[in-house]
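Take a look at the following structure, please.
For reference, chains read A, B, C and D in written order, and residue numbers begin at 1 within each chain.
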Amino acid sequence: METIGFIGLGRMGAAMATNLLKAGYRLRVYNRTPQKVEPLVAQGAIAAAHPFEVAEPGGIVITMLTNDAALDEIVFGAEGLQDRLGENGVHLSMSTISPQTSRRLAEHHRQHGGHYVAAPVFGRPDAAAAAKLWIVLSGPAEAKMRVQPVLRAMGQGLFDFGEDPGAANIVKLAGNMLIGAAIEAMAEAYTLAEKNGISREALHEMISTTLFACPVYQNYGRMIAHQTYEPVGATATLIRKDMELVLQTAWTSLVPMPLADLVHNRLTARIARGRGDADWAELALEVVEGRS
Amino acid sequence: METIGFIGLGRMGAAMATNLLKAGYRLRVYNRTPQKVEPLVAQGAIAAAHPFEVAEPGGIVITMLTNDAALDEIVFGAEGLQDRLGENGVHLSMSTISPQTSRRLAEHHRQHGGHYVAAPVFGRPDAAAAAKLWIVLSGPAEAKMRVQPVLRAMGQGLFDFGEDPGAANIVKLAGNMLIGAAIEAMAEAYTLAEKNGISREALHEMISTTLFACPVYQNYGRMIAHQTYEPVGATATLIRKDMELVLQTAWTSLVPMPLADLVHNRLTARIARGRGDADWAELALEVVEGRS
Amino acid sequence: METIGFIGLGRMGAAMATNLLKAGYRLRVYNRTPQKVEPLVAQGAIAAAHPFEVAEPGGIVITMLTNDAALDEIVFGAEGLQDRLGENGVHLSMSTISPQTSRRLAEHHRQHGGHYVAAPVFGRPDAAAAAKLWIVLSGPAEAKMRVQPVLRAMGQGLFDFGEDPGAANIVKLAGNMLIGAAIEAMAEAYTLAEKNGISREALHEMISTTLFACPVYQNYGRMIAHQTYEPVGATATLIRKDMELVLQTAWTSLVPMPLADLVHNRLTARIARGRGDADWAELALEVVEGRS
Amino acid sequence: METIGFIGLGRMGAAMATNLLKAGYRLRVYNRTPQKVEPLVAQGAIAAAHPFEVAEPGGIVITMLTNDAALDEIVFGAEGLQDRLGENGVHLSMSTISPQTSRRLAEHHRQHGGHYVAAPVFGRPDAAAAAKLWIVLSGPAEAKMRVQPVLRAMGQGLFDFGEDPGAANIVKLAGNMLIGAAIEAMAEAYTLAEKNGISREALHEMISTTLFACPVYQNYGRMIAHQTYEPVGATATLIRKDMELVLQTAWTSLVPMPLADLVHNRLTARIARGRGDADWAELALEVVEGRS
């Protein structure tokens, strides 16, 4: 099996890379904070000292980074990928970033004879560890075909959104917005129940086994019902960035999204009160604490 | 099997009463518009000319009406139930009404030696027809025990929320608010996708088979994705009344609910534009039409 | 000059009654907490032990009470006004209440040959003390003519909104909503400025001497700029009741009012955090504290 | 008197430049659409074929452009000002732009020995024509002193917000947000009144001569009361850009601004329905038309 480059070993990236090793892929890995490379190396990955070293001509490099700026630095920085993927190389970009950045990077790789596939993922770190991510992808057909087995080693399902490299990113952003909306909705409903003498847990049990018997309501709902927000899956600061990308995309395409505004404001409020590093589902506490 | 009184044969009530007949119960039925009684009579029900005639001392009467005022008229009106249920009678109140009305009616029946059980339902008319309703109930333990088999003939699951007769109503209201929130969220997400070149259906297919693989997102989501809002399940006018009960309960218990406000405003806007008799899921059109 | 009955000697009522005494009117006064009568008695008013005692057949009775329920008790309670005003009496109702209550009371008085004039006021207690209130009125033309001199002794301007006894109440409610909106707007703008290194006071100074050189922005704006919310003019609890009347009127007339919702939610949040007795302008603190 | 450069002769700029001519200044003028230069030339201004030609070393150049991008092009474009103002030149930047752009341009001019003063204005085209603008300014003290007489020829009042070149822009953005909030508030209040049988004009007359007796409520309020939105002062498209700058500044400084979101969404909705070129006060129509 071929050697794949993997850049970005945070909570999500480390779990995803581990699954690639388990599936038999060889990996060259890079992370800005070098210590995070160690567990992967212990499992057989080769550590790279600089981003560009994970790439080989015509190969595949996966990026799983915090935001657009980090990805730009990995590609265009002094020690970045630049054109190292060359002819037929594939940049498999799995971070949650803006559609604009995806389109720009796709153009960059195209100019060097390579390909860019956007493939952001849904799932928290435990789903990543269990290879149970849902993966949405978009980009050129041939490159998508090539990376399919790689993606299948990390996820339980793939959804193809066509050739526009920005499309998968928009789907990912829309999905996060839907999750944030569900959190706000449950926070309001459970708090209304509680203030009227009904147990949060009893309401959660009912709705999450009937009308809303699905992962988002079951998993986030459990946190909101029990008011336990640890361990941290994704931070308020991280997801607020996603909500800004949602809103900027909405601005550009003239879609008023008052519910997305509400979720964004909840996250801003959490960060303003020093909870930026807590799980973003804590936005439910804004409701519990009687905030307007 | 005993004879049960059933008052209110709208889209939901007619389907529920039919299932009771199928289960072997004998029914005395009443509806304000008398023609709606006919299909039930054709299946063996006995038609009553006035509400009070459906009751017999110590028996069970089910009410399934549009709102608090209709229920008050049925109980306290000149030809109403009044104290006809007498000692040990049970008023099984399945309408979506306010917790205050339930508590007031419970007190009324208690004073005449009877019982009141609130048992509102979740499910659209097709679910009612299939005896697949989810039923939430609250009230005195003994009376709840007695009506269990009756409820099981109409639903696929019961959830008990204790003795407060208002509790089940609050759960029902909270549930409708959660559905409204999901409709708004999907409307915003699908419209964002569409305005960016992604098919509404493709996004719906992805989210409703993964993160949101549950009845509300699947069924309402299909309407929102395909933009087909017929046949009408529950009208905008009907559900807006529920949202007002949600907000009034929230006011009393000091819970700011901005998302419930948003859903309520969407429904108000639909009605103001002459769409009060359309399915309430049409609130999604407010987003599609670019309204703020 | 004739003797006028005056019921309700809170912050506002006491100041208004004092101005009537200064203008030469004789007053019979009643207040539920009897001590509040004393300063007025010291200035020549006659204390009544029960509400009905302030009325004389064909006379004028002014009511200035906290809410609809208090007014109902004063009129319909065991010791209430009932029909004591008789033929040609005028109930001059200056409280901030719902249009429905005004219409109901107007009907009650009409049935006894009397008249009802709604005349709610704009202005905080210091404006009341200075006889600088703005008064909006509605009701039957003749009765409005008769009470004009009485109103002029308390205010600096009258605005007539026709014959519907509910009209003046709606104008009052709309006015309070406009003030609440201005508070929220200034809170957001001043906080944005402050978080960007610009003094709240400097921004306030600019806007309140130019674009917004008017009492609401000058007076409430000073509180919001300086973050000093004392002395208390009107409490959060009091004005939240007004916002609920705004929203209920909006519901009935199918007007979505998201900004009124926002103001209402801010007040609810203040009360939920124990600040119900503070000045309602403290809703600005929700913004300052970074709440969403 | 010295010769001043003036770039940008839209509705506002043309009126401002005319006042400078009236005050005795000589002007070199540039506009991208050259025909707009003609009325100024007829009054004595000298037409420049390219932006850089309006500048002379050590002189003053005023810019009054649509947005940040247009200003960037005027300064940094191939035929732009670049460093033509040289030692002691002053760029007097009167457009409504982001604080970031002001800070960046200030740094640019400082590096060439020049100065940058931000001086955005409040007032619609008729106020500009009457030299009745309110001008807020920030930048280095000496340069502000030098441009004072120039600014006084265009406005009726100056407000100094210190040395940060971005401060005046933030004040301008905050001011526009306050105006937008007032429009939304009036739209909701007047519509509530109208739907309850009270004339929009009567309510407007009352509030704009008492509590809200100030230019914004008088002038915008007249449009909203009479539902006449012509002639166009500032378009929805133009001001929506300002609201985006407000929100981006709010995001950066962690201030949730739900009322600013609401105003922004209203404008987005107008543009989505093809009214981007209409006056932005038409956002009031969203309320009138029963939108949520």
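Note that contacts are C-beta pairs under 8 Å (C-beta built on N, C-alpha and C of every residue); 3 or more make two chains touch, one makes a residue touch a chain.
All values derive from a computational prediction rather than experimental measurement.
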*Would you mind telling me which chain pair, A-C or A-B, is linked by more contacting C-beta pairs?*
A-B
_Quick check on the interfaces: C-D is repeated by which of A-D, B-C or A-B, going by over half of contact pairs matching?_
A-B
*Cα centroid separation between chain A and chain B, in whole Å?*
38
*How big is the gap, in whole Å, between where the Cα atoms of chain A centre and where those of chain C centre?*
53
_Where chain B touches two or more other chains at once, by residue number_ = 254-258, 262, 265-266, 268-269, 272, 290-292
*Take each protein chain as a node, join two nodes whenever their chains touch, and name the resulting shape: line, ring, star, complete or other.*
complete
*Can you list the residues on chain A that touch chain B in the complex?*
99, 122, 134, 136, 157, 159, 161-162, 164, 166-167, 170-171, 173-175, 177-179, 181-182, 184-186, 188-193, 195-198, 202-203, 205-207, 209-217, 246, 249-250, 253-260, 262, 287, 290-292
*Residues of chain B touching chain C in the complex*: 244, 247, 251, 254-258, 261-262, 265-266, 268-269, 271-272
*chain C contact footprint on chain A (complex, rising order)*: 258, 262, 265-266, 268-269, 272-273, 286, 289-292
